[in-house]
Every structure is written in structure tokens, then in C-alpha cells.
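Shown next, in C-alpha cells, is the structure this report addresses.
Chain naming follows the written order as A, B and C, and within any one chain the residues start at number 1.
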Amino acid sequence: MLGLENKDTKFLLVVVALTLCTPIILQPFPEGSSLAQFNAGYPDLMQRFAIFGIFAIGFNILFGLTGYLSFGHAAFLGVGSYSTVWMFKLLSYNVLPGLVLAVITSGIFALFIGYISLRRSGIYFSILTLAFAQMSFNLAYSVLTPITNGETGLQVYTDDPQYLMGEGALTTTHVFGLAMNKSLIVPIGGWEFNFNVGYYFCAIIAILAFYLSLRIFRSPFGLMLRAVKSNQQRMNYTGLNSRPYTLAAFVISGMYAGLAGGLLASMDPLAGAERMQWTASGEVVIMTILGGAGTLMGPVLGAGFIKYFENIFSKINDNVLHGWFSFLPDGIEDFFINIVNPFFGEGWHLTLGLLFMCVVIFLPGGLMEGGQRILNLLKRKSKDTADDDSAHHPKQSPHVAE
Amino acid sequence: MDALLLQILNGLDKGSAYALIALGLTLIFGTLGVVNFAHGALFMIGAFCAVTLQKILSLSSTTLDPTKTDFLGNPAKIETPYVESWFGPEIGAALIDWSVPLGILFAIPIMISIGFIMERGLIKHFYKRPHADQILVTFGLAIVLQEVIKHFYGANPIPTPAPDAFRGSFDFGSMLGFDPNVIIYPYWRLVYFFFSVLIIGGVFAFLQFTTFGMVVRAGMADRETVGLLGINIDKRFTIMFGIAAAVAGLAGVMYTPINSPNYHMGMDFLVLSFVVVVVGGMGSLPGAVLAGFMLGILESFASMNQIKAIFPGIDQIIIYLVAILILLTRPRGLMGRKGVMED
Amino acid sequence: MGILEIKGVGKRFGGLQALGDVNLSVEENSVHAIIGPNGAGKSTLLNCLIGKLIPDTGSVMFDGQSVLGRAPHEINQMGISRVFQTPEIFGDLTVFENMLIPCFAKRDGAYRLHAFETIPAEKEIVEKAEAMLEDVNMQDKIHMHAASLSRGDKRRLEMAMCLVQEPKLLLLDEPTAGMARADTNNTIDLLKEINAKRDITMAIIEHDMHVVFSLAERITVLAQGTPLVEDTPENIKGHPKVMEAYLGQTQQ
């Protein structure tokens, strides 16, 4: 189905089901219970899962498949955001033209940067992309102020032309009249589920983006990209020119980033230069690697993981901590809170940095590899009781990495 | 002519900082073959060594003076720094005043130990891993270090003034025979420049004239062969890492009066220093120094109004622009050796 | 006119003259061996043929066209494939995927961005890859990661990857180095079979004289960057100049 093998179709269907049920899955605790703070079913957060999922999926097509580590992908995110907000300013609050423009401009931008940067590989490539992104960031802050509105950030003002704005049209972002901030709130028992238009819009695009990346992974093109990562020299001596392949991967991943940027602006019609800073590029690198570079689901998991914990960890302040450790005697309670405190609230980045280091050191395959290892461990345990037949019939590994 | 000189002078302090950080980066890269994204964080930690020393020296005992009252009518609190009560008010005050230069003595052992711990505890295990992994793990370490500093010192810049004697500016132009009041230069920037020249000279002399340095240079050229000669190169590399960390740290200590240190200053300098290293040529020490000063001065020229009038915004991107041009036309940078980091 | 004409090729690395004035002609459909002591410039010569190095002087003509100044992939597309001294394969990919890549390169040229096809849908490519793997007796290993193969298998895989492209000229850089005697004999048989079955020219660098004398039709002896003698194997045996070049190095 859909040009996929059975196994992949099933995989895709599971992903679709999970994505569509996210508002329910992420709301496991009843409202008002002490655990409700771990719920993540808010529109804003769920939109971020989907959007950064798209960003990471795109980054993974470049980094995961070809091994080219770009430290400048946030530039495309920023370009996408600016394009979309400009469409809001010029046409109307309908997000579609903005998203289309975001993908096109970021694609062109990526073509230009990629064409130059891909002349070098390894660390030189990383530095070139970093230099381009920092240049874009600095320019967006200074000379390009007429386009980017500098430090204030680009936003829609009431005196903007908005040529396609009809009488009484929506003044928030929408897709053909369906406002992004509209939500259907369904209280069931103690639970409260929030089905948000914006989230479902992002989710559908994310599913399409995922499907596209699945097709790329399974295609001869994807095979060539993995060949680039594995042994570029052999590839060249086999009569293949690796440049068009890497450039195509770079442009595709740039377009994904632009799309994600456009979606960010579609959820909240703002675009600021800080979205292009290299630390933002670093974030998508972390997401992809934390989840598992080169795997299909890894980057999405990484993005969700980081955005979830960023949200939850930053909310946990001293009071919450006191609540947790209140069962301990006073002195010990304070002692524990003092130890734990730096890692929560404001200190979330510290936790993230440590976590990231641990993943790079101990689990280069990311969370996906961790999950795989645990699964294997469980399998081995259950196999010990069953007969040990598998050793004589080695399991065939699939053609393409999961 | 005097305008040119002024821009060159203005570029020197930034150029010195770039050169020092790039020198450390290159030492680490050249000897250990590790791309250290945490090097900017070492610069930042150095700066916070100066901050810490200043804070320690300013620790005060509080006494109540019943003869005076504050505006609420309570007895006035008088803070007397401990150093003043121990060494007498004059020496004590001088110690506090000179806390930044004293920070050098304070920072050296700290930075060297941080370097040792980093190398033995983390970097050592990444020699055989791909460069991408090295970048990633040191990037993570940089985040951790800067967040730790943020936790203890807060997010705001902490003003750390230079000693009184070096505050303010002087008319450098008239000393060189130009018209007075054209080239006004802050004392501390000049101090910073001479300091960095001293450090750079020291590092080069150390590598050039000591046996230790000779072995390290040999190791940079061909690590395996030196290892085969029965020389324990690993131990020397650990020491080199400590030295590189100390160089970055000292650059940070002395930089504090120029820009009040904050927790993300390392990241800001890191990106530029990497560009500097690449422009200079990966693995080339003279290249790193040359490129550092060159780019600092170029940046200062680009921020001249006459130039900005022709190319608006050029001051923001000049360094990156130069880096891109150099990388594309001279793939090995200005003075890079063949075969370094080439696939 | 041979299929490969090397004229006056020289290459200098700093102060080292790696190749002097090399003139060499390889006849079509022959097996031509290049031998010589270590450091004679054999590998440098091969590197000049595949675009890894550009010689300072001279010309290299292949099939009537100049090779010099072309990118490695262009040279391969002209019909030159090379087996390396240490096997160059795609270690992260499976044996089967390793095999697919040259098949695609042969059919689609230097690049084709077919991102929306699936590999199983490319029936002819899959069949061709499977057939070739069967030819080299690796059909039971097609799902193994190439990096986990034994050294001998890696070599066989690399050779198969080159052969499946049906090159006009196959360059072999010590194809039997480090192999056991039995494996070496298998490789000799394989190469003989290929040479008999297909229209293929082979240039082979080898230290093992057993291999050289069982395969080669012409032999060039290279010493210090210049060809010493070129002749048939019979005449090379016991040739005084060759003895001199190899003095103390082989007991042939």
C-alpha cells in the first residue's frame, strides 16, 4: 500500500494512530490530581511536538543518512518563519500560502548554502554551515531590519495591506476559515481532552512529512545517501557522483526546516531572529542524536522527549520539589532539594546537557538503540525458557535499517 | 593614517582573545586530534575565576557603628573586607583592586586541573571515535559547564573592573606623534594585547626550546611513530590539554574588564574561534595566531562608518565571509598542513 | 594500440620522484601484471589511472580518451573499476545493498535522484545483484553487514561489485594479499574464468609470483618509478635485470 512494503505500512499506520490520538495519550492523569502536572495534552506543547518532529525528521535525512553534520539548520527554520509571516502581512491569515512560500524560500536558500558548503566535508562542512547560519542571524538582526523587523521580530500590524483579507475574515491564523487556536475540549470523568485544530493541522503535515521520509529511506536514493555516509570514496570509484545526492538531501532537509519554521509562525504569527541562532541549530542536532540518528522514529522521539521535558522540568520549582520530598524529615528534605534543585526549573538545560553527553558516550544510537537493547534483553530472557533454536537459524536482518 | 591605526588598535583586543582561544583549540586539535567545542566554556570559566577571586577578596565582616545611623535610624553597618582587617587597610584595598591580575595566579592551577580532569575523564575515551562524536560530546559538555556557572553566578553580566591604575584611557596618538585627541586608547586593552603576546610567545618558546615541547611537536606530526619510540605520549598530551585549558582560562581572566563576563560568553567566542582556526589552517599554531589578529582587525575595520556606508552590515558578517572565501579557495586555510582533517 | 596507453607519466611527492617516465600499453582482453619491489610506484600508478592522483607529466589514454583531469566517478563510468589493496566496501550496508549500488551506477549513470521508487520494485537490478552474488558464492550471506564479513569475503564482495559493472578494464591491487593458499587458488580460478567468459582487460599488481605467473600474459617490472622490462612471463623468469631489482627480496 502507498508504495510501501507490508511491514512499513503497518509501521506507518501505527504512527498515524499514535499521532491522531496524542491529545488522549498525553493526558493520562485526571485534572486536579497531583500528577496532572505531567500531562502534556496542551495545544501549544503538542503543536511543538509535531513541528519539531518535522524539523528533526528533515535534519535526519541529511545527518542520519549521509553523516554530514550541519550546524546551521536553524537558518532555514528562521527563513520559513519570516516567509510565512510576510504572507500573513501581505495576503491574509490563511496559513497555506505562507507554508508554500516557506518551503520554497528555504529550499532556494538551502540550495545556495548547500551548493557552497558541500564542496567540503567533515568538520569544514560543519563550520561552513555554522558560518552561513550565523551570518543570516547577524544580518537578520541588523541590515535586514526592513525585512525582519530586527530585534522586535516580524509580526502582523493592523495597517498591513493583507490584500486577500475579506470583510469580517478571521484575525487569527486559520486554514480556510478554520481557526488554528480553536479547540474542542471534551471532559470525560475527571479527564479533560483538548482537541485543537492547530495541533491536528500540524499533525497531518507531520504524518505526510514522516511518510515522505519513509519513502526516501526505502528508495534507491536513500540507499545512495547511506552509501555516502558509509564510504564516499568507494562510491566515487563505483562511478557515482555523490555531490548531487548530498545536495538533494541538504535541500530536502532545508525544506523540512522551512516547513517547520512556517508552522511555528502559523501557530503564533511571529518570527524572530533568535530562531536562527546557532544554539537553535544545536537543539535539532541534540534532538536527532538523542532519539537516534539514522532511524526513522528516533528524531521524532528525540524532539518529543526534549520538548516534553523542557516543558515539565521548567515548571517544577522549589514548591513542587518540597511537595515531593515532604515525606522526609526537614533537614534531609532540604538537603535533597538542594541537590536536585539545580536540575529543575531554570536548570533544565543542565539536565539536557548531561543527558545528551550520556547518550553520546554510552548510547551512540540514541533512545532507539536503548529501546532495542532492552527489547533484546527481554527477548533473550524469554528465549532462555523456550528452546534455543534461533542460534541455528540466524535471523535475517531487514534490507534497510528500521 | 591615524584612522587606520585606530582601527588596528581597536581590533587588537578582540584579535588577542581570538588568537588565544584559537591557539588553545589548535594545541588540542593538533596534539590530541580532538575537536573541542567546550573550549569556549574554558575561556568563560577563566573569566569566572577572576569573578570568584574578586568575590572572595571582597568577603567582608559586618560591624555596627553606633556613632552613625542610616536613613532608617538604625546603626550603620560597616563592611570591612577580611583582607583589609588581616593585612591592613592599604594592602587589603590594593589586593581587591588588583583582583583581576591576581586572578591569573588563581586561575592557573584551577584551569590546569580542569583540563586534566576533562582529558582523563572524558576526552581520552573519544580519541578513536569519529570527529562528529567529539564535537557532540564536547558541545554537550559546553552546555553543562555554562549551565553550572549560570546556576552559581546567575544570568547577568558581572562587572569586574581593572585595577585603578589601568582604568581610563590615554592619548596614544600623541605619544606616537599624531595629533592629540585622535587616538584615545584604553590602558587595559593595551595591557591585554601585551599579555596575550606574552602568553603566545611563552607557548611557542615552550614548544620550541624544551624537550617536552619537542616531543609534543613530534607527536603532532606523527603520533604513532613517537609512541613506537617508547615515549609516553599520552601523559604529555594530558599536560598539553591542561596547558591549552590554562591559556583559554587566562585569556578569559584578563578579558573580564573589557567585557563583563556572563555565562554564555564562551559560546559567543567559540563560534568565532572555530572560524579563526579554520581560516588559520587546522593544526597550525602560527596560523591560528595570525588569523586571530587578522580577523579581529578586519572586524574592527569593517565597523568603520565609511565602510559600513558602502557595505551596510558588513561588520556583522565580515569574519564569516572571510572564512567562507578562504575555505573555498584555500581549503587548508592560511597556513594549514596537508592531510589534516581531510577525508 | 592497447586499450590503455600510458605515456611518459611522472609524479613527484615533494622530493620523492614516485614515478619517473612510465610508458605502458595494455592490450585489450589481456591480463597484464605489474610487479616490482616495495616502493616501486605500482600503487601510485594505479592511483593516477583512477583519478585519485593527477600525474605531473605525461598522458593516460583509455579506449581512445584521456583519463587525466576527470573525476573518479567519470573515469569509472568510462569503464575502469578498481579493487583496492584493503577492501573498500560499504561497511555499514548489507552485502546485498553493497551489490545494488554498482548495479544502479551501471544503469543510471553518475546520479539519478529516484527518491520515490522502492528497491524491490527495481526487479532487473535486484535480479542482477542476486545473480552476481550467486556467481561468487555469497548468496547465503546477502543479509550480513559487510563490515562483519571475513577479510576474504570482503575481497570477494569488492571484486564482485567491480565485476557486476562489466568494466572494460579491471584494476586489481594485490587481490590475494593475506589470503590462505586455498583461497588464493580460488581467486586465481575465478579471475581466469572471468577473463575467459567476458571481454575484460585486467591490470594486476601482485607480490605473489604464483598468482602472477598463473594469470598474466604480459608482465611489466617497475623499479624506482620506471618500467624496467616488459615481456611475457616466460622471458621475465630469470631475467637478469629483474633479479637485480628484486635482489634478496623474492626467491622466485
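FYI, contacts are C-beta pairs under 8 Å (C-beta built on N, C-alpha and C of every residue); 3 or more make two chains touch, one makes a residue touch a chain.
This structure is a prediction, so every number in the text was calculated from the model and none was measured.
Chemist: What's the contact topology between the chains, one of line, ring, star, complete, other?
Modeler: Graph shape here is a line: each chain touches the next, no loop.
Chemist: Comparing chain centres built from Cα atoms against the global Cα centre, which chain wins on proximity?
Modeler: Of all chains shown, the one whose C-alpha centroid lies nearest the global centroid is A.
Chemist: Taking each chain's centre as the mean of its Cα atoms, which chain lies farthest from chain A?
Modeler: Here the answer is chain C, farthest from chain A.
Chemist: List the centre-to-centre spacing of chain A and chain B in whole Å, with centres computed as mean CA coordinates.
Modeler: The separation of the two C-alpha centroids amounts to 35 Å.
Chemist: Calculate how many whole Å lie between the centre of chain B and the centre of chain C, each centre taken as the average of the chain's C-alpha atoms.
Modeler: Chain centroid spacing, chain B to chain C, equals 52 Å.
Chemist: Whole-Å distance, chain A centre to chain C centre, using C-alpha means?
Modeler: 45
Chemist: Residues of chain A touching 2+ other chains?
Modeler: 233
Chemist: For a test of understanding, state which residues of chain A touch chain C in their complex under the given definition.
Modeler: 3-5, 215-216, 218-224, 226-227, 229-231, 233-242, 244-245, 248, 396-397, 399-400
Chemist: Under the stated contact criterion, what part of chain B meets chain A in this complex?
Modeler: Per the stated touch rule, the residues are 35, 122, 125, 131-133, 135-137, 139-144, 147-148, 150-151, 267, 271, 274-275, 278, 282, 312-313, 316-317, 320-321, 323-324, 327-328, 331, 341-343.
Chemist: If you look only at chain A, which of its residues touch chain B in the complex?
Modeler: The contact residues of chain A facing chain B are 67, 69, 116, 119-124, 126-128, 130-132, 134-135, 138-139, 141-144, 232-233, 278-279, 282, 285-286, 289, 342, 346-347, 349-350, 352-354, 356-357, 360-361, 364.
Chemist: Which residues of chain C touch chain A once you look at their complex with the stated criterion?
Modeler: 50, 71-73, 76-77, 81-82, 88-94, 96-97, 100-102, 104-106, 109-120, 122, 143-145, 161, 165
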